[in-house]
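Chain lettering (A, B, C and D) follows the sequence in which the chains are written, and residue indices restart at 1 in each chain.
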Amino acid sequence: MADEGVHYSADHVLEYPYVRSVGPTVGAFLTGLRDGKVVGIRGTGGRVIVPPTEYDPDTGDETTDVVDVGPEGVVTSWSWVPRPRPKHPLQTPFAWILVRFDGADTSFLHVMPASGPDEVATGMRVRPEFAPEAERVGHVNDILHFVAVGGGA
Amino acid sequence: MSGFPALTSGHRPVGVVSFAQHDNVRRDGEHNDVEMLLPVIAEVFGNVGITKDDVGFICSGSTDYLVGGPFSFVGALDAVGVWPPRAESHVEMDGAWALYEAWVLLQEGEIDSALVYSFGRSSPGNLSEILALQLDPYYMAPLWPDPCSLAALQAQALIDTGRASEADFAAVAARARRSALGNPKAQLAYDRSPEELLREDYEVAPLRRHALPPLTDGCAAIVLAAGDRAYELCERPAFITGIDHRVETHALGARDLTRSASTTLAGQKAGVGKAGVDVAELHAPFAHQELILVDALGLADDVEVSPSGGALAANPIMSAGLIRIGEASTRIWSGLADRAVAHATSGPCLQQNLVCVLEGV
Amino acid sequence: MSERCAVIGIGQTVAKSKREDVSIAGLVREAVVMAVEDAGLTFADIDAVVVGKAPDMFEGVMMPELYLAGALGAVGKPMMRVHTAGSVGGSTAIVASHLVASGIHDRVLTVAFEKQSDSDAMWALSVPQPFSSPLLAGAGGYFAPIIRAYMHRSGAPRDVGMKVAVKDRLHALKNPYAHLHLPDISLQMVEDSIMLWDPLHYLESCPSSDGAAAMVIGSERAAAQAETDTGRRPAWIHGMAMRSEPTMFAGRDQVNPQAGRDCAADLYRQAGISDPRADFDMAEVYVPFSWYEPMWLENLGFCAEGDGWKLTEAGATSLIDGGDIPWNCSGGVLSSNPIGASGMLRFLETALQIRGEAGEHQVPDARRALGQAYGGGSQFFSMWVVAVDKP
Amino acid sequence: MSEPVTMMAAPMRLDYVFTPGVAQGKNMHGLERGVFIGQRCPKCKKVYTLSRGSCPTDGVPTDEIVELSNTGTVTTYCVVNVPFAGQSIELPYICAQILLDGANLSFMGLIQEIPAGEIRMGLRVEAVWVPPDELGPTMASVKYFRPNGEPDAAFETYKEYL
């Protein structure tokens, strides 16, 4: 029996139930989502960082006060997914959007249903559609997705 | 021997003297990492007639998540044979940064040469899911955005500025794949017009299939040598006259995605603009990123960009940056270029960038 | 030519099994901010950042330095990520120091961390591979047979390991940053603890910790400035070395690996060390399982081969017993083990001693110290020497 | 207002196809037939078991295939008393480094049919394979090793393979 050409392969699964402690700053944002609101935090020069981090993402300076923002915001960029992947938050065509909440100086990544690229545009006003209160746990998926404010771009 | 190029005061001349890369393929389902590296390491030493025992330092670049097991770099060392024990290090980064670490050590003058290699395969897992783990673990990773979706956000932002259009992306892709026809190591090469490419469907709008890199299994290696040792090993070494790298924030919503501030800064520190550039090998996995990089580096219109086809022709993860340095060096060796720029990137939407200026004498 | 460089800033977190009050960035920033402030600096003064940690699977974040760039104040700067298995904390400090020794930068921040409580350390260390045997022994199962081989070769009595376990935990009681504080530690307590991997008892093994360690490495100019600004003296780096050898090969000596011996020889050549036991005032050495103290005493040339256990037994390595060459005054890896940071903690503790700032676990008048880390299958070594005097 | 959020579940599953490679394929093909395969380095002539395709010290392909003996020597061992994830054997059990006759590298295997108190360095052992119809391209084809009744090997014969 020739050994040459015997090529094996096997399925290999890496699967772990990570549980992360979030700390007070990330925790403030996730707590806000659970309670149906959006918060940011003040960074260098007083600018408002959303989603909030313990530090200003550019300077590394400690951030300070938690502030309410949104819930409406404006799309600062987008991309449109015609064929969602299995792990994507939505399983019908949708847009990834960067949203700058009213009162914020940075943008937040989330999704918005869109059957075509013409249903989303930079500059569009949007608002989050929260999951029902009983289903919210303090997670970015407590926002199901965003929708256009006033029904259009 | 023809002397050395002008260097920043205190710097030691270090040149790329040998380069080898594996065939870039969609899936090598036959060999393990060691077996892929063996012929590449043999070639990179064979090119200059030395062995593993002749280099003073070994540095590699790779990442564990590609095959789903920890410590993949440990086993890969068996492709070199680090016995007797060797001074050796590893970065969980593209091999271009392993080259940087070796260049730093060579500056101190204790050693005269180094082996740098990197390896990575896109085929064992689902790269679109794996790379989502590079993102903010609280806010972004739970949404599982794939690299193409994020690159498309960047592309749309660029379109919104009015500085580029989908047609420009197609033009980049058409030129890169046409250039790749002349690169025997290229995985994806064709001669198609931008107009034809624009008829493709969106993969993730505004990016169509042509604007995306192929998925590639591969690996690569480089030998660096300092001072006179470089000339002993290579007739016309590609001397590194500047090398620098910079990182930006992970928060995509806090960056101007349409500019690559880190590339601009690294390019200035590396001295890209001090003289004319003949050729630039840019690590732009997505077509629009080449436009951002050309702009960030301030490259003139006459600079030949990515004659190898770049990452659009073959994108072996963790090696595609190191390969840019290798490809740029081959242009110096052959005399096709006197001054070349090589660039490597890491992270989503060009988060981290390395710029290397190579010169022949 | 190689420039002088020194540790000019030090920061570390308290090691704990679970730091559930912070995010990953929050944990790392505790050490980083402390190190930068300790050097009298702000992030704006830092030229480059070098990050180290062990497998990314501990936290499930791939190349987490990318996510941490902002948290580390690295935006607009060079940032590197080192991974050399268990030796990574040491290698990371060395890569950072070379950025200064090469004359490229003046002030480099280096940090290593592990937040193992996001997962379970055992997962990432024993990922089952297809086609391999279902038999899995864990880290201790890998090292226990090597320890047995050492006992066989050296004729060491069975209680030497337990003595190390007690000594390092007594040291840890003097270190407020140590994870394990066991005031009642005794030989009996170690012996009564469960035998995990015979011959290793539970209390002869390292814990699993969350934690981070950070240092600022400065040039001669930066060191002078920091000393003026903070009044703290620099810990000058007199040598650094790394060596690797393959995991497995015919005839490999895993008890006394050649890579460790070669690494020490190179280091001692650089630092002018001829008799390590006499020339060093203390050492912080990576001892995750008790028996590695006598093994590394031999590997590092503190005694003849086969005699390491005699130094341990005689109390030579104990700060409390007034030994002549105290090892792991911080409590060592046996008392705190945030894996990716454990190697850096060894290096950091030597700098702390040289600056005379180790508090209760300070070795009186420590003027020259050895830091060592190792990893993989005892195959990756990183070491440095720091001293009070300028090289 | 209820308690602040402090923890976040982040389950992760990634699916891979594992490629053992040509050399390991040869080893596995041997295991499928109930035979241990070694690979000889063309430079140093050492015979490696479970080779990944290269000589770890010379960095060259190990192309020559050698069929190895079913018997070997315990070079060192430990007794495992600790449960952990992924483990499927009843505690306590013996893990030993086993040097197969004709090989120059030991590997870790399970020892059974001997009380934990009688395990020792130098013990001569043989492989016990699963029934022929259960053989597969995996080390799981070897159920365990057991004493084969030969006198213990002298320390000198295996001291380089601990």
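Quick note on the criterion: contacts are C-beta pairs under 8 Å (C-beta built on N, C-alpha and C of every residue); 3 or more make two chains touch, one makes a residue touch a chain.
Since we're looking at a predicted model, the values are computed, not measured.
Undergrad: Please identify each chain that touches chain B as well as chain D.
TA: A, C
Undergrad: Identify the chains in contact with chain B as well as chain C, in label order.
TA: In this structure, the chains that contact chain C and also chain B are A, D.
Undergrad: Please indicate which chain is farthest from chain B, where distance is taken between mean Cα coordinates of the chains.
TA: When every chain centre is compared against chain B, the largest gap points to D.
Undergrad: Taking each chain's centre as its mean C-alpha position, how far apart are chain C and chain D in Å?
TA: About 31 Å, centre to centre.
Undergrad: Quick one: chain A and chain B, Cα centre-to-centre, how many Å?
TA: Whole-Å distance between the two chain centres: 30.
Undergrad: List the centre-to-centre spacing of chain A and chain C in whole Å, with centres computed as mean CA coordinates.
TA: So the centre of chain A lies 38 Å away from the centre of chain C.
Undergrad: Measure off the straight-line distance from the CA centroid of chain A to the CA centroid of chain D, and report it in whole Å.
TA: Between these chains, centre-to-centre, one finds 46 Å.
Undergrad: Using the touch rule from the top of the page, what residues of chain D touch 2 or more other chains?
TA: Answer for chain D, listing residues that touch two or more other chains: 6-8, 10, 12, 14-20, 22, 24, 28, 55-57, 137.
Undergrad: If you look at chain B, which of its residues touch at least two other chains?
TA: Expected reply: 29-30, 65, 68-69, 75, 77-78, 81, 83, 124, 129-130, 133, 137-138, 141-142, 249-251, 254.
Undergrad: Show the residues in chain C shared as contacts by 2 or more other chains, in ascending order.
TA: Within chain C, residues 20-21, 23-24, 57, 59-60, 70, 74-75, 118, 120, 123, 127, 129-131, 246-247, 249 contact more than one other chain.
Undergrad: Per the contact definition, I'd like the list of chain B residues that touch chain D in the complex.
TA: Interface residues on chain B, with respect to chain D: 28-32, 34-35, 38, 41-42, 52, 65, 67-68, 75, 77-81, 83, 123-126, 129-130, 133, 137-138, 141-142.
Undergrad: Using the touch rule from the top, collect the residues of chain A that touch chain B in their complex.
TA: For this pair, the touching residues of chain A are 7, 9, 12, 14, 20, 22, 26, 29-30, 49-51, 53, 57-58, 76-82, 85, 87-89, 96, 98, 100, 106-111, 117, 122, 139-141.
Undergrad: Okay, in this complex, where on chain A does chain D touch?
TA: For this pair, the touching residues of chain A are 1, 3, 6-22, 24, 26-28, 30-31, 34-35, 137-139.
Undergrad: Which positions of chain B touch chain C when the two form their complex?
TA: Going by the criterion above, the answer is residues 10, 58, 63-65, 68-71, 73-75, 77-78, 81-93, 97, 100-101, 104-105, 107-110, 130-131, 133-138, 141, 244-251, 254, 261-262, 265, 346-347, 351-352.
Undergrad: In their complex, what parts of chain B are in touch with chain A?
TA: 29-30, 68-69, 124, 128-129, 132, 137-140, 142-146, 149-150, 152-157, 160, 201-202, 204-207, 249-254, 257
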